[in-house]
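Here the chain labels run A, B, C, D, E and F in written order, and each chain numbers its own residues starting at 1.
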Amino acid sequence: MPTPSELVDAVQFLDRLASLPRTGWLLRGVTDPESIAEHTLGVAFVASMLVDDLRARGTAVDGEKVLRMALVHDAAEAFTGDIPMPAKTQELKSALGRAEETLLAGVLTEAQLALWRECEEGATIEARVIKAADKMQMVIKALTYVQQGRGSLDEFFRGPANRKHMDLDLAREVYEEIEKRR
Amino acid sequence: MPTPSELVDAVQFLDRLASLPRTGWLLRGVTDPESIAEHTLGVAFVASMLVDDLRARGTAVDGEKVLRMALVHDAAEAFTGDIPMPAKTQELKSALGRAEETLLAGVLTEAQLALWRECEEGATIEARVIKAADKMQMVIKALTYVQQGRGSLDEFFRGPANRKHMDLDLAREVYEEIEKRR
Amino acid sequence: MPTPSELVDAVQFLDRLASLPRTGWLLRGVTDPESIAEHTLGVAFVASMLVDDLRARGTAVDGEKVLRMALVHDAAEAFTGDIPMPAKTQELKSALGRAEETLLAGVLTEAQLALWRECEEGATIEARVIKAADKMQMVIKALTYVQQGRGSLDEFFRGPANRKHMDLDLAREVYEEIEKRR
Amino acid sequence: MPTPSELVDAVQFLDRLASLPRTGWLLRGVTDPESIAEHTLGVAFVASMLVDDLRARGTAVDGEKVLRMALVHDAAEAFTGDIPMPAKTQELKSALGRAEETLLAGVLTEAQLALWRECEEGATIEARVIKAADKMQMVIKALTYVQQGRGSLDEFFRGPANRKHMDLDLAREVYEEIEKRR
Amino acid sequence: MPTPSELVDAVQFLDRLASLPRTGWLLRGVTDPESIAEHTLGVAFVASMLVDDLRARGTAVDGEKVLRMALVHDAAEAFTGDIPMPAKTQELKSALGRAEETLLAGVLTEAQLALWRECEEGATIEARVIKAADKMQMVIKALTYVQQGRGSLDEFFRGPANRKHMDLDLAREVYEEIEKRR
Amino acid sequence: MPTPSELVDAVQFLDRLASLPRTGWLLRGVTDPESIAEHTLGVAFVASMLVDDLRARGTAVDGEKVLRMALVHDAAEAFTGDIPMPAKTQELKSALGRAEETLLAGVLTEAQLALWRECEEGATIEARVIKAADKMQMVIKALTYVQQGRGSLDEFFRGPANRKHMDLDLAREVYEEIEKRR
């Protein structure tokens, strides 16, 4: 049960994501691109639809957990900024993960931190939904930028690392849909 | 169960909120203020903490419903932009509500539209959580802008309409906390 | 005869239009689009050329009235922001008109308010010039954005509501010219 | 009587002022300041109120001419950008004036160019109204920025060159009003 | 040997270039274009590579002088803003040069001012390197904007004044390379 | 001796720093803060004045090397974005350094890479000049933002890590000067 002071601190902390642009778009010449906060909202929304789909296909998912996980999945970037994927070696990822966990421990509640850790590990169905939604939101946003004529994004669509579907059927189908549209 | 095509459409639709600034901040001289999407993320995060608090105090809340409601509570603004509260007469609110519902019916799933409608009506505990979170996020953001020296926000804090707590204890305590900090 | 204090208030009020972007462009992916104030200036300039044309064709127009009307024709948006046309039902337009008139009565002089009302009603030749100039400026700006490769504006040119000429010959000819250029 | 093609060219030309920021604000640390187009709109509005005042005091003014002059008074900056006043020596002003007149002759109608020239010369009552409105808009905007906490503008208010009133009573009274408010 | 106070003043002065956009890009519809400071950095970097090339071809160049000259070559624009080339008549250039020298004398050290003057005169090999680098950076930036789909830059590449190579072989070869790429 | 193609690639690569904001300012609420490129230019300029000072005090420095080092000292951020200092553990710094060196090897010339590496190691007088200039530019910029009323920077000035002077007398004196001014 958060105190009022903890709530204000946590909200101001997460809100820092509203000031931080997604670096990958900047590097491809997209001006005034989405913030990490805007990306996070999209991830939560995609995730909510993946949950609907999984349930319709007979897979049980903890929907509240998925949505709470979405909210904090990029919280560490409020400390580090958005470091583009191609720059991250395996060694760097490990070092980064450890540094981030320490930093987050100072600002998130224990329950929120546990969700962030579970998402990083990627083992549960809820974490896999977020991992898929994270990539799906990115590819849909790339489609939007292409349709609006903003930036040089061809190379982007070639990267297989940008199309992870984590064995979720709807995710795979969405990538096919996007290929059709651009 | 959404089709891939419906998912892409819905995500691109909601993502329009990332291009739309919150008008109230613009009118008070805050440059490059948060988008509606960034506000929406904050509302979802505040709401998740209100749910924790309500449960700790013994009130049952449907957490997944609250979070799904947060995601779509401002979806109609993707059609209308953000119309500042002081401009809205009761007659205008009614006309707006009817226009919005028709527009949203074309882009949201039935379940999402039902959540939006429930939120507008404000009767259930889940809707009351979102109504409170909506104001709380705004007042915390105002505090942030004041601390950063951006814009003329004194008048803002005087408006009682900006401090609705909907009988939620934590909401009321958070407003007291904010008064202490500024 | 305005007092110095009224003049400063009125100028600061109208200047709020410089902080408010035109929502229609934002929704079509145009980044950092023109403000309402920049649109207003363009409307006044187009209107001045329509007046020249009407006079050359033998129609009497009150040029000073046209230009004063241009300055205030979007003044109500300093309260409401720019609400996109497709969102406006007839019921919404009526409710909005009534709310706007009340709000403007608090900040404009009586003479300015009368001009705003006359423009809304659209009956006089001066009001028809502004209505035509309002659309012409928008379509010329769309052409500029297309030529600069900013945003997705094809759908925009298809909307007949965007090509009102109010029976003014030059307006109709300008739309033909624009079709040739894009 | 402008051809449709001339109208489109002229409107696109003047609209370049919407892309050009006022340099003086940039140099004082105001981020995302008004464009020249937004300034121009403010000048036209101030000028319309000076006309009301002059008439009320018994001075005849050609109101249509004043407003048309306002629209084009900074048109040359669409070629040169906004060069700050302190940088302009007398020699530079003369050279600039000659270069501007040649450039404008290629894009404005003869009547518009004549108004621009009359404004530069500053001899008629209509030109004096624009000169006063030009400074008044600037000082009122500075007041707005001060009230919003944007930029370092103290030095700005000390410059007597920023408070020209051209013997217009209302202009002088407005400066006094502004001094009271900041 | 600069005093601490002189150093802070000089750095704050040159840093004004970070607030001033390059006007030529604005006029061609490039939104949020590079600042003069960003251009200056690019000029310094190009110049360092021209020095390498000249030395490899057997021409002696004072590399430190070239780089110091690059840093201050556009310093005068901190007073005047960036005035686009097409607007500059010969008379205007002379008047501008004289005004700029007087203004810079108040903020640069004597050695820095001497470098700025030598660059303006364009006689030494170091000055010619900067003149070539100035154009090369601009044309490479135009290529970048074209590749990113920002603005209307075709006309830009047609202007021979934008391709000065000052008899430097590498400069000429770079223009050929750029023609190949776009 | 760079080929034309290598020069264009290298310049476009370094120019990515013009699209990347300095994360530390964003996190403190500074809107539209300087880019890494603008910071880099400031570092080069400060470094040139430190060289003057060292020479006047009798210390030999390779001025061309210092300036070339300044140009590339933050080049790796074109891959990673600007990661704020407080987020960097010692382990993260090592992992980052290794990843960056590999990435830079693909885009910089060998000589440029050697300078970047020498700067990272920080052993030579030239590298120490850049390290000091890096902090001095940052603190002077913070002073500028404070004077302009942008952001919450008090905490910033308290951090001793932000005032490294590397045993350079002028650096230490400049920090004293800045304390006097704010």
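What to note about this one:
One rule holds in what follows: contacts are C-beta pairs under 8 Å (C-beta built on N, C-alpha and C of every residue); 3 or more make two chains touch, one makes a residue touch a chain.
None of the values given here were measured: they were computed from a predicted structure.
Both subunit C and subunit D are touched by B, E. If you take subunit C and subunit F together, the chains in touch with both are A, B, D, E.
More contacting C-beta pairs link the chains of A-F than the other of the two pairs B-F and A-F. Centroids built from CA atoms put subunit C at 31 Å from subunit B. Computed centre separation for the pair subunit A/subunit E is 41 angstrom, with centres defined by C-alpha atoms. Residue positions of subunit D with contacts to 2 or more other chains are 29, 31-32, 144, 149-150.
Taken as a graph of touching chains, this assembly has some other topology, since it is neither a line, a ring, a star nor fully connected. Chains that are in contact with each other form these pairs: A-B, A-C, A-E, A-F, B-C, B-D, B-F, C-D, C-E, D-E, D-F, E-F. In the complex of the two chains, the subunit F residues touching subunit E come out as 1-2, 4-5, 7-8, 10-12, 14-15, 17-18, 34-35, 37-38, 40-42, 44-46, 48-49, 52-53, 56-57, 63-64, 67-68, 71, 109, 111, 136-137, 140-141, 143-144, 170, 173-174, 176-178, 181. Subunit A contributes residues 31-32, 144, 147-150 to its touches with subunit C in the complex.
Residues 16, 19-21, 23, 26-27, 29, 78-84, 86-89, 91-92, 94-96, 98-100, 102-103 of subunit E are the ones that touch subunit D when the two sit in their complex. Within the complex formed with subunit D, the residues of subunit B that make contact are 28-29, 31-32, 149-152.
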